[in-house]
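First chain A sits with chain B, and in the next complex the same chain sits with chain C.
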Partner chain A sequence: MLQDIIVTTLVNGSVYAMLALGFSLVFGVARIVNIAHTAFYMLAAYAFYTLFAKAGVPGVAAGVLAVALVTAAALACYRAVIQPVRQHESAVLIATIALALIVQESLLYAFGGHYLGVPSTLEGAFRVAGASVPWQRVLIFLVGAAALVGMWALLYRTRLGLAIRSAASDLEIASLLGMNVHRVTAAAAVLAAALAALAGVIVAPVFVVDPFMWLAPLVIMLAIVVVGGLGSLGGSVLAAFLIALVEALTVFAVPAGAFLKGAVALSIMIVVLWLRPEGLFGVAYEEER
Partner chain B sequence: MPRRFAFSLSIALAATLALLGAAGPAFGQNTVKIAILGPMAFVQGENHWAGAEMARDEINRAGGISVGGRKLMVELVRADTNEMTSVPDAQSAAERVITRDRVDFLVGGFRSEAVFAMQEVAMDHKKIFLGVGAAHDELGLRVERDYTRYKYWFRVSPTKASDLGRTVFAVLNAVADQIRTQLNTPTPKVAVLAEKAVWTEPLIAAARKSLPAMKMEMVGLWQPSATATDVTAELSAIERAGADIVFTILSGPVGIVVGRQMGERGMKAVAFGINVEAQKDEYWGATAGRANFLSTLNTYAEVEITPKTVAWVRAFRERYKKTPAYTAATYDAIMILKEAIEKANSLKSDDLVPVIEKMSYVGNAAVLEFDKRHDPVWGPGKSLGIGVQWQEGKLVAFWPPNIKGMQPFRLPAR
Partner chain C sequence: MHVLRWLVKLFAHDVLALPSRALVALWVGALLALPAVYPDPYVLRVVTLTALFAIFAASWDLLAGYSGQVNFGQALFFGGAAYCSAILSVRLGIPAPLAVVAATAFAALLGLASGYVCLRMRGAYLSLATLAFPLIALGVLLAVPGVSGGELGLAGVPRLASHPVGNYYLAVLSMLAVVFGLWKLGNSRIGLVLHAIRDDELAARASGIHTPRYKLGVFALAAAAAGLAGALLAHYMRVAAPFLLETVLSFQAVIWGIFGGIATIYGPVTAVFVLYPLTEWIGGFQGFGERRTLVFALVVLVVLLVMPRGLVPWLRDRIETLCPRCKERNPAWRSSCRICEATLAPADRPRAQQVSPSDS
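Now for the complex of A and B:
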């Protein structure tokens, strides 16, 4: 049972981490609470379905193309919807909720309310210590891990990363020092959307693609970024795996209460807020930056 | 014109109009307007509409419905209830078709909670509402409790939830018998995998009570959310419990995840129960072809449930390139209306109710007769349902075995 819990935690945790990291990145840099973040995850899953399952584009090419298209769409949405109201947090919140619903309704109109399946890009499974692990799930973990490492390298080993971290530290001072904060914020939004799109592409062959698939991960993602500490990148990644572990433990420990896994995750968020309102890594991140 | 003659003529004219109003179509009415209510962006609504279109075209091609010495064409009003996301939208749709579109009858509905709301609207306006989609027992119980108000409601398909339960346990017993014989397992182990929803609770309670009596061992209950995207943990635990049968009680998209992940894991247990998603042609594609041997209750297949079934399912497939889902029973609902209108020679709800109550209608998947709750009478030869299994990409009917066209149920290789 332990090996099942570990495998489930690693696979789900890497998807949650990709979503939460992008959300935290944009919040850290521009204080934007982007509710439409998981709508781009959903849009990428649909794009991958259309390209791979319908148009017959090979898996890797379809994945790259889907991520590129959705990232471009996200940048356009950022410029058209978020940037004009960026200074007003409540307006951003409302605008991104509207954006997410527009994406949902558009997909409902275009594809109907059907539950769509994407064929596996990797067939078969292997057994490790008695646990059966499909190769498709190994791919999710590996791609997720690679994306997280790549994002860390970008943020800590490149000039763009330095600019993003500077803007996250203090946007006004960064602006006074001559940094083009609009461009930096847009870059953060693009990176976040690319991570969400990549998550959507890699889960599409495992999950069901439907016009409401953005809602469940949105709730969990918000819980993760609060537990990790709003704006804390490292905190978000660690909290993602923590929440995934709690979900797996709930299902294995209380089989008849498997539906409670989301509620348990949210309860942990409440407990963390109660004991440490800044989140588990909020202060550490403040000091770090 | 003498005054007395004019008076007599007026009385005669008024009496004629009154009689026309009482027995025949309204003055100037050229069509019978029927609202088809359903979630039109979803498979259930698509099938509501498709079944209704087939009935409309067939009736109109044959000249229409005879009433009051005239032939009236069937006119359908397509009403998207949006009930998957909003029950109030469904209620508004019912109001709209009655007050704005001025329909004569309502047909359809899917989610029980939405149908409850639409039923109230239809009853307020004393409009006959033939339910095609919702299974909750309470819909029929209302007729029994308050006949005067709810008599205009009839359920055409599916049978009520408690009768669905009776069928599902009968098929489960047949599957268990095959496991006993083929695998030499006297007491098959059953894992109950039920989504967390109100409608699954009576079936879970029945499983706890009935499985030991049916010489089966219940090894556990797992309850994912209806929209869960991952059931790896549940399936791992079910495998470890050594289950021979995964008894599914699922209506949401989790039914796809279960089929797909059972296939990915190469599980030896066979899945049977209610899996609404598995009833659709799209299921095999949605599970990426992993759902081999998964089985479920269903309504339609190319087998002789009634003398009409095979020809109708073929005609439906030819027209829509897919197998009908159970909400396509809007066809039967409209045909019942036609038969009742012609028999009563009236479009008035109060004239039609007693006719429908006494009717025995041979439908496409059942012989429909209505009990005191206006629910279809359950049982072999009446309204029962069938068991179907996915075999190499095809949905194959296997139960009840005495029906012509049924094929053997298959177990995964061990």
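Now for the complex of A and C:
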């Protein structure tokens, strides 16, 4: 049971971390609460299903293609829907909710509401300390870790990363210093969508693929981002593994835990927020007036 | 006789003076006359549900629009009260009207509790924390299927009135009472305090306003209103099911509120009365039934891109102008103010964002 808990934590944690990091990035730079974030995760899972299981494209190529397509779609949505209403905070909120609903309904119409099975890309399993771990799950963890390290390198070792971080710390000053903040914001949106799409592709063979698969990770992702502190990237990653651990503990150690795992994770979020209203690693920034 | 003459005078001089007031009077009259004029059971059913959801949307607007506590978990109050009323009347055999009252009080308690947890949170933190409340409640309810009925919900909730017309008037009259009450409250001194808390909580506190008390109060009141709607819905649909606590329902309140125009009360109500029958009507077409959520989302998105402040403020700016001197509203076709007779120049419209040629 201990091994199960550890494996589940690492696998779910890396998926949550990829989702939460992207969301946190966009929120930090543009103050956009993007409800449609996990809709792109779902879209990528469907794109991978179509390319890999239907069209017969080989695994890696299908994955790369799916991520590229979804990222392009996300950029188009950002330009067409979010940018025109960016000044109105509430309008952004409802626009992204509407966008997510449109994605959900389009997929429901195109693929139907039943679960889709995506065949494994990696067969077999290995045994460690008496537990059998499928390679597919190892792949999720490895891709997730690689994506997180790549993201860290991009943000802290490149000029684009510097621009994104400075825009996140103060958008107006960054604009005054001559940065094209529109382009920086769009770059952050693209990076976030790419991370979400990658997460969607790698979980497709393991999780169920259906038109409502965006809701459960959305709520958990929001909880993670809030626990870590909105806009704090390191906090998001740490909180992702924390929440994944709590979920795994609830499922494996508590009776009727499958019903309660969301409730327990969300209660932790509320307790953290109650004690520290700006999250574990958030900065209580000066209120914007 | 005196009262009648006073009423006629009020109607002619105050209600008919502004097109928006005349429209509201027309709407109230149409709602009250509907069962006598067109007693089609399907239409009555749709309008009954619309009225209940209008209470729900208006309660969200009081909390999010006026006091700025943008609640993403309004379904907690709606579904919590629905389950409370259903459990009280089905499992404990308490009479239905009493159960509704108890459920409304229970919702107010839920509102106080969530308000207390959220007292220190702000902005996006508050929205995302409140999103979790109904899901926690749902998880707990599903874990005790013996009480809640599990995934299928609790069926066999008794009706409040046996005849559809009775249920219709119950819903519509509660809706009118709650909505006009909330609207009056929003325009009163309390509404002003809530506006102040939303715009700058620190400044409000510095001006001597006990902000926690007001925030808790508005949470309890909005929760009680939403809970009344939820309990009435459970008794009308005869079931309390998990969909009453789902995220989609909370988002629905947010969509209605922002689509109609926040901090107005009448905006979200208008939005429900436009969008809910519209989606029902579209859903009735062959082949469109499965796509009504898609149509709903597309309509919301397109309208929002054209009028980011919401439908009703946009419309109101088209049919009414604000007098530059005395700040009273005037019909758009007048050239002088109806109160102070100042000249109303089209260019002086302070709140109209884009003045298109069709305005004048």
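In this section, the second predicted complex is superposed on the first by the 282 of 289 C-alpha atoms of A that agree within 3 Å, B and C clash if a C-alpha of one lies under 4 Å from a C-alpha of the other, contacts with A are read in each partner's own complex, and residues count from 1 in each chain.
Definition applied: a contact is a pair of C-beta atoms (placed from the backbone, for glycine too) under 8 Å apart; a residue touches a chain by one contact, two chains touch by 3 or more.
Keep in mind that this is a model prediction, so the values were computed, not measured.
Of the two partner chains placed around the shared chain by superposition, neither chain B nor chain C is touched by A:150.
In the superposition on chain A, contact is made by A:206 with chain B only, not with chain C.
Legend: residue contacts after superposition of the two complexes on their common chain; A:219 is shown touching chain C, with no touch to chain B.
After overlaying the two complexes on the shared chain, residue contacts for A:58 are found with neither chain B nor chain C. Judged by the touch definition given at the top, the superposed model places A:256 against both chain B and chain C.
Contacts of A:116 after superposition on the shared chain: chain B is touched, whereas chain C is not. Once the two complexes are laid over each other on the shared chain, residue contacts for A:131 go to chain B alone; chain C is not touched.
Counting contacts as defined above, chain A residues 108-109, 256, 259, 262 meet chain B in one complex and chain C in the other. Every residue of chain A that touches chain B in the complex is listed here, in rising order: 1, 4-5, 7-8, 11-12, 108-109, 112-120, 125, 131-132, 134, 136-137, 203, 205-208, 210, 212-213, 216, 248, 251-252, 255-259, 262.
Of all residues in chain A, those touching chain C in their complex are 27, 33, 35, 81, 84-85, 87-88, 90-91, 93-95, 97-99, 101-102, 104-106, 108-109, 215, 218-219, 222-223, 225-226, 230, 256, 259-264, 266-267, 269-270, 273-274, 277-279, 287, 289.
The part of chain B that touches chain A in the complex is made up of residues 39, 41-43, 46, 84, 195-196, 220-225, 227-230, 232-234, 236-237, 239-240, 253, 256-257, 260, 264-266, 277, 282, 285-289. Against chain A, the residues of chain C that register as touching in their complex are 70, 117, 120-122, 124-125, 127-129, 131-133, 135-136, 138-140, 142-143, 200, 202, 247-248, 251, 254-255, 258-259, 262, 290-291, 293-294, 296-298, 300-301, 304-305, 308-309.
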